[in-house]
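The chains carry the letters A, B, C, D, E and F, assigned in the order they are written, with residues numbered from 1 in each.
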Amino acid sequence: MTHLAELPSWAALLTALLLLLGAALALIGSFGLLRFGSFYERIHAPTLGSTLGIGFVLIASMLFFSVLQSRPVLHEVLITALMVVTTPITLMLLARAALYRDRSEGNDDVPPSA
Amino acid sequence: MTRWLPFPLLTATLLAVWLILNESVSPGTIILGSVLSVGAVRVLLALDPPAGRFRRPLVALKLALVVLGDIVRSNNAVARIILHPGTKNRTSGFVRIPLDIRAPYGLAALSCIITATPGTIWVEYDSAKNTVLLHILDLVDEKVWIETIKQRYEKRLIEVFE
Amino acid sequence: MPDALLLLTLVGLPFLGAIAAGLLPTHARNAAAWLAGVIALVGLGLLLAAYPTVAAGGVLRHEVAWMPSLGLNFSLRMDGFAWLFAGMVSGVGVLVIVYARYYMSADDPVPRFFAFLLAFMGSMTGVVIAGNLIQLAFFWELTSLFSFLLIGYWHHLAAARDGARMALTITATGGLCLFAGVLVLGHIVGSYDLDAVLASGETIRAHSLYLPALVLILLGALTKSAQFPFHFWLPHAMAAPTPVSAYLHSATLVKAGVFLMARLWPVMAGTEAWFWIVGTAGIVTLLIGAYIAIFQHDLKGLLAYSTISHLGLITLLLGLNSSLAMVAAIFHIINHATFKASLFMAAGIIDHETGTRDIRRLSGLNRFMPFTARLAMVAAAAMAGVPLLNGFLSKEMFFAEALSAEGPLPLLLDILPVAATVASAFSVAYSLRFIHGTFFGPDPVDLPLTPHEPPTWMRFPVEILVLTCIIVGLLPAATVGPFLDMAAHAALGAATPDYSLAVWHGFNLPLLMSVIALIAGVSLYLLLQRHLIKGVEGAPLIGGLQGQRMFERSMVFLSWRLARTLEGLFGTRRLQPQLRLVVSVAVVAAGWTVYLRGLGPGNLAPAGIDPVLALIWVIGAACALGAATQAKYHRLVALILLGGTGLVTCVTFVWFSAPDLALTQLLVEVVTTILLLLGLRWLPKRLDVPGARPPEVITATRRLRDLGIAITAGVGMAGLAFGVMTRFPPEILAEHFLERAYTEGGGTNVVNVILVDFRGFDTLGEIAVLGAVALTAYALLRRFRPAPDSVDIPEQQRDQSAYDISRPGRREGDTVADWLLIPSVIARLLFPVICLVAVYLLLRGHDLPGGGFAAGLTASIAMILQYMLGGTQWVEARLRVLPLRWMGLGLLLATGTGLAAWAFGYPFLTSYFTYVELPLIGSFPMASALAFDIGVFALVVGATMLMLIALARQSVRGHRAAAPRPSEEPPAPTTAPAATAMGDD
Amino acid sequence: MITELLVWSIFLAQILLVLAMGCAVFRILRGPRAQDRVLGLDTLYVNATMLLLIFGIRTTSTLYFEAALIIALLGFVSTAAIAKFLMRGEVIE
Amino acid sequence: MSGWTNHLMIAPIIIPLVVGAAMMLIDERRRTLKAALGVASTLVLLVLAIVLLRMADGMPLDGGAVTVRVYRLGDWPSLFGIVLVLDRLAALMLLLTAILGCAALVFSLARWQHAGAHFHSLFQFQLMGLNGAFLTGDLFNLFVFFEIMLAASYGLALHGSGLARVRAGLHYLVINLAASLLFLIGVSMIYGVAGTLNMAELANRIAVIASEDRALVEAGAAILGIAFLIKAGMWPLGFWLPNTYATVSAASAAIISILSKVGIYAVLRLWLLMFGESGGASAGFGGVWLLAGGLLTIAFGSVAVLATQSMARLAGASVLVSSGTLLAAVGAGQSAVIGGALFYLTSSVLAIAGFFLLIELVERGREVGADVLAVTREAFGEDEELDEDDEVGVPIPATMAVLGASFIACALLLAGLPPLSGFLAKFAMLGPLLSPGGTGVSTTAWALLAALILSGLATVIAMTRTGIDVFWASPVDTVPRVRVVELAPVILLLTLCVALSVQAGPVMRYMEATARSMQAPHGYIGGVSPTPWPSATVEGGDR
Amino acid sequence: MELILALGIGVLTGSGVWLLLRPRTFQVIVGLSLLSYAVNLFIFSTGGLRTGAAPVLERGAVGHLATHADPVPQALVLTAIVISFATTALFLVVLLAARGLTGTDHVDGREKDR
């Protein structure tokens, strides 16, 4: 923990805030998994974590290391980009799979195919 | 240009990825990165990626900002819904949206945008009719949603990718 | 002639002859007989050459080092006693060979017969001239073996097979006991050398291990000599060709037992135990054998029981602990050999000429083969102990001994003369039956062959033997006297008693006993004739005691019932009990050790608890327990929970400063999940119908027990882990690696430097494992046949296809194509990115987390993603991965990197590290370790792809194989068409 | 003071994330259907990524970045595979 | 290190690795080329093994001299690098492996090499794993080589596929996976407490382990031991063994059969190093259990031998008996027995491999289920009395005669009957056990004596039954088609047993030298870690 | 901390052993996977647990156990992970082959006949 003390106050404060925000969003998103009653609602919840939640944490990380190492630390950008690209793949695949299963089981609350 | 260096944008992106990964812009890294990026694209070519183009970077940039804003707003909205489930008379449901965009990369971008934005999700795409079925967490009015998506995202994507 | 050559030839020549005979053509009867005969004659000649020495009381010796450190030399030793036996072996051997030449049919594969016979002869000679006990046991077992082969010569006959098996089982068992016995004897004496043993009588008899040694050795001797209660094998050995019986059961095999008892008599006899065991066995055998013999209808069966009885007589003599009885025993050994061999041959002639040996069918042969009849009569008379024949002499000596015996058991001594007389009477009765039943009475009717005299040369051996009986009987002192004297002196040394071999000892009690026996025997035969004519099988009173049946039953019981029951009781072929045992034994072993030793406190204080990690492990535990409960009915859930557990493990690695592990764990996690998913498709559907089947009591108990084991194992592991974590050795390997990783290994990532340099050999091995496993998986999958109920295309696909087909405007596959459209576009764009990351991980491994393995898995996942979203055919039409080539080149590169060090005179895997100045790029690290890591990378890519693709291909094959499937296992070399395209580039 | 605040917020953020992971695991365990569980796993991956990043900050080490990168880059592959399995009964056709 | 001869030590590992890897690059259809490469490699290994044996035998034995040759991988000091150690024991095992390798590979050329993919590569990896396991002086490296050996053996065991093979292979795999996990637990416990992986160094430290830590080292060793004993097939951990060995294809079985001896080897090596006389407070740890386990294994093996219905299972059960014998001999703990045990090991390895090869040839001409019939017939006494009177012999075709003679040889070897080496092997163990000076025979010795005699008896009964049924009771018109390349290896192995019998003196001298050098591990330890360990640089507490 | 990990290892082992003793091949493969996690963690833990210890050396520097994590167990675990990955894959293939040939997924290749 020794290095943490070397961080200027503003950066420390900002980092702390961003981290808490990010984590809170992730928690809310995950909490949504419990809160919502149907799968199609639940599937929206984790997006909180995988977009802004992780975004805040990544910004915090970039800020923290950039200030600490006095150089731009940017590689977190990659994670952001990858999250944006890969999370939709899973969700899309999953949502359609669920739709198929609902249709084949004859559940009423899903729309018929086009 | 494309003959010798297909997918220049992708190649550049890959080079950027390489540089960011290595956190270095030394000549060695750049040379090696370029070689690797070109090589990686060559491998990709074997997989027959659909042809596509990318124009109007400014539009794209603007779109990115818009999406960013939407994501922030939707985060807020969805978080509220999660935290106060009973406060608002909310209905969720499916919306089928007819699309105009056909470019694969454009469609991909659209799907990413929609799915990455909390509260909306891309469920089923029908290539024959070129429609997409979305699920929307807070579905107030179908029409509004169709308009929003077509105007805010699809139009710009068509500009960029077609 | 030097002793060495003589002795070696005596033993070795028969074996060489056996090999030569074995190589002769199947029907070379004459050549084989000549060969065997010459060899036996050479043996006789050698013995003659040795006679002067042994007659003078000398001993021929030869010793070659064999296992000198264990006190075992190949040592041959021939004194007068051994000479006598060797003489019987060779002498009767010559006669039997001559006889066999005429007895055996021209259609028989006779060379094989003579090969066995010669080998047996060599073994028997080996027994009698063995110079040490181990070697004696060695040849002893060889006699069992070759007698087995001889008895089973006509192996197409069930009787021959059974007889051979029984003989081998009994005598080889005895041999094993003998082996144990001589080991103990050697332990007592301190040497296995026969001279040393024979010189240590006092030590042996006084030793606390005398009794075990005695019992074990006697088990050997009594089984071999067919003594009660091991006698029953001998009659069944009669299924052998008659020459074999004549040889084995008169002069050789069965005599080995009495030979051994006589050989060890000076050092082991003279005790109460000896008297008890040997004497009792002898007297019982004597009586029972003789009694049963009377009632045999088979000529050879009669002779067999007679043999048993006479061996009992000899054994009894040996058991009397009197040196005079010992001499009598030796004398009777010789006499029995002569008359019994001739009788067997005579029986063989009868069988050969009439086609049967059944006394009930035979009759009046005296008219058809008078000369043979005379011979048989004389021999039978000798057997019956008629005066002026050799049998009479030794019988008289036996009677005398029976009368004068001294010992600790008055009762036995009292009945001894009576028993001897009764046995003798029985002997007269069966001898009479042999002669009377065969040669006298009306002409035989309905014989398979018309009887006539045998060929001259077939009769010749019988003539010689009968002549011997007569001459010895008439002039014992002049003929057999010197030999007996020599043998007795050699066996007994200074203790040799004075004895007389005169034909006439005056009117004395033994003579009276003889007369009584003769009269009683004749009377008995006359009395029994009516009973015998009825042809009832088996002897009255003890007919129910069927040795063979008991043996068969006990064999069946032993191997079928008992062994199978025991195997079932103490073993299992099911997996679950085995695993239960493995886990339990491990738990008990570790627990017991810790309990015995006691575990002290560690030298490291545990660190404070981080609530974050604690919570993480709550999650981990939930996942693990969830996986444990869900794996039966909800495989997918278990798989997902497994992923959760893996993720927690990965976070733990991060927590405790192991980024490399975390990285690798994650990657492995992904690949494993895909692998298992690929497998799920082929598993049977398993539906959990709640409450459908309440667990039975047994199942519930079993589950409870397993739960107990699982909890114990868990608690145990936790305890051990805590114990190991809280202690730190005073000196530890890690220190060296940390010190040298950069300065000598050239990398800052110590873990990676260990993997590719300090312990690169482990890594090389590890990739070899991966390679071997991939090859195995691939080979197995090439032969994969799905189960009938999972061969169909999955329900979902059928369903979606049906939907596509049923809707206008849609083509089959549209649903999935639309579904995958966007993911596959993105996945393709991700492909170069993932590849780039793979290269990145590879190149930085030496200094930072990463390395060949992580890189290889990353690259594989990139490929798999394409397979997943594009389909096998689609990908392979565009990008051909040649996994085998990757694997081969990877392994070769890694090995080659290690081998390169040889060129510089360093050991394998010595690393080389330098910074190379490159224009523009600047200083670039060039480590041989990188080349090694690239090898690892290539192999990992190849192996992972080989397995994944091979698995994935099964689906493609499944889709194609709508046609009826071939049977279970196709002929070996077929190559599955789908598989060759991919694997074998 | 500020450092302490940072330390505490890091700690709190970690706790929040672990709770988030707990929610996801609850969904995995509870279901009710396969897709819910997959969703839980996906969420678990995302939360774990963040946890790793925060751990990097806590220990001021960038060495754990790659692990997070790998989750972001490849974590979706297994969830996608399961989704494919649900939809098609087969991962690779 | 200088001179090319030093590299000879690692060649038994490198050659099969390179050949096996190179074969992956060769098209599967070019079998002849692969076979030629495989045979060449195996022959080279044989020559190498002989050379190494001579090298090992040339090493001094007396006065605390170094008795080993060491190969330091990566040129790192043996203090922390991986070392290969060549001593008499390792050389012996290498030679056995090479012999079995040659026999099995040549045998496979006739048909088995065609029964599945990549046989030759897997075979080379098998040899590599075995050789490495025998040579390595590092505990974790031993694990790695165990895994190579197992990985290849899985391949060879499943080679040819088929219902029975896969069924048994599944058990084999699962149990060995469990064993591997135990191996890892054991090794890491030992590392965590003793701080080293080098076997010699471990032997050094075991004596001075703090008493409060000793329990963990011993528990680790116990767990490790169980991993080895599972491979050795000790009762009650070895039920998988007869089944697996019985279903495996002949060529594979012949080479895999030595795996059980690797378990024994590991026990012998580590046990004598760690818990020999220099083991301090731990000396003799677990010896009683080895003895008891060994005896029980002999008992169970004998029961299985008796109960068996097929030749292949009989061979598998014989492996159990042989393992049990060795374990009991090791556990008996008398130094003099080890030499004899090694002689026995050699003899039984050759015999069992020969037997596995032979079985396949013999069974080739028989219909399925014949074995079952034989036992059933015996059980219910249904002896068909056909042409009882025909007392004219049936000529046995040359092939059957050779097979029969080989079968007899195997039976004699397994039962420990003369004239082949099985008898001398038993003598070599029992002789010293019973002859320690004439004060009396220990219970251990009696137990072992009884076990060996009774197991021999069981083998005699079972082999006789089987042999009679196969060679005598069956009609001779179904002569199996056997090729010379299949018969030659069998005869080679059995001839070697004859040679062992004839040359028992020199062989036993080597075995005793081996035993002596293992009994006094100073020569080993001194050779591997010649420099003393530097004083501790880190205090335990300051972390 | 040690206690937490020890308990975690214990739970993984217990769950793994439970599954290992089950009759279905899939249960066994999951059990073996859990067990290999447990064993990997066990090996890892033998080097002692240190949070925040440097896993990587400074360039040119010499490491010490006082400041650095014990790399040996890590290297051993890496090897073990690879090997257990390989064997899990193999086991999967074998269980599939067994399932195909026997028609059942029972570990004995036949349903228990009781």
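Definition applied: contacts are C-beta pairs under 8 Å (C-beta built on N, C-alpha and C of every residue); 3 or more make two chains touch, one makes a residue touch a chain.
These numbers were taken from a predicted model, which means no experiment stands behind them.
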| item | value |
| --- | --- |
| Least step count from chain A to chain F, where 1 means the two chains touch | 2 |
| Neighbouring chains shared between chain A and chain E, ordered by label | C |
| Distance in touch steps, counted as few as possible, from chain A out to chain C | 1 |
| Chain pair whose interface holds the most contacting C-beta pairs | C-E |
| Per-chain CA centroid nearest to the all-protein CA mean | E |
| Chain located farthest away, centre of chain A as origin (C-alpha) | C |
| Intercentroid distance (Cα basis), chain E paired with chain C, Å | 15 |
| Centre distance in Å when chain B and chain D are each reduced to the mean of their C-alpha atoms | 22 |
| Between chain D and chain E, centroid-to-centroid distance (C-alpha), Å | 49 |
| Centre distance in Å when chain C and chain F are each reduced to the mean of their C-alpha atoms | 39 |
| Where chain B touches two or more other chains at once, by residue number | 17, 21, 111-112, 122, 124, 126 |
| Contacts with two or more other chains, residues of chain A listed in rising order | 1, 29, 31, 43, 45, 50, 73, 75, 78, 82, 85-89, 91-93, 96, 100, 113 |
| For chain F, residues that touch 2 or more chains besides their own | 20, 25, 42, 45-48, 50-52, 54-56, 64-65, 72, 79, 83, 86-87, 90, 94-95, 97, 101-102, 107-108 |
| Those chain pairs that satisfy the touch definition | A-B, A-C, A-D, B-C, C-D, C-E, C-F, D-F, E-F |
| Of chain F, residues touching chain E in the complex | 20, 25, 28, 32, 35-36, 39, 42-43, 45-48, 50, 64-66, 72-73, 76, 79-80, 83-84, 86-87, 90-91, 94-95, 97-98, 101-102, 107-109 |
| Complex interface listing, chain C residues touching chain A | 796, 799-800, 803, 807, 815, 819, 822-823, 826-827, 829-830, 833 |
| Contact footprint of chain D on chain F as seen in their complex | 51-52, 54-56 |
| Residues of chain A that touch chain B when the two form their complex | 25, 28-29, 31-32, 35-36, 38, 40-41, 43-45, 47-48, 50-52, 73-75, 77-78, 84-85, 87-88, 91-92, 95-96, 99, 110-111, 113-114 |
| Chain C contact footprint on chain B (complex, rising order) | 10, 14, 17-18, 21-22, 26-28, 31-32, 36-37, 40-41, 43-44, 46-50, 104-105, 107-108, 111-112, 122, 124-128 |
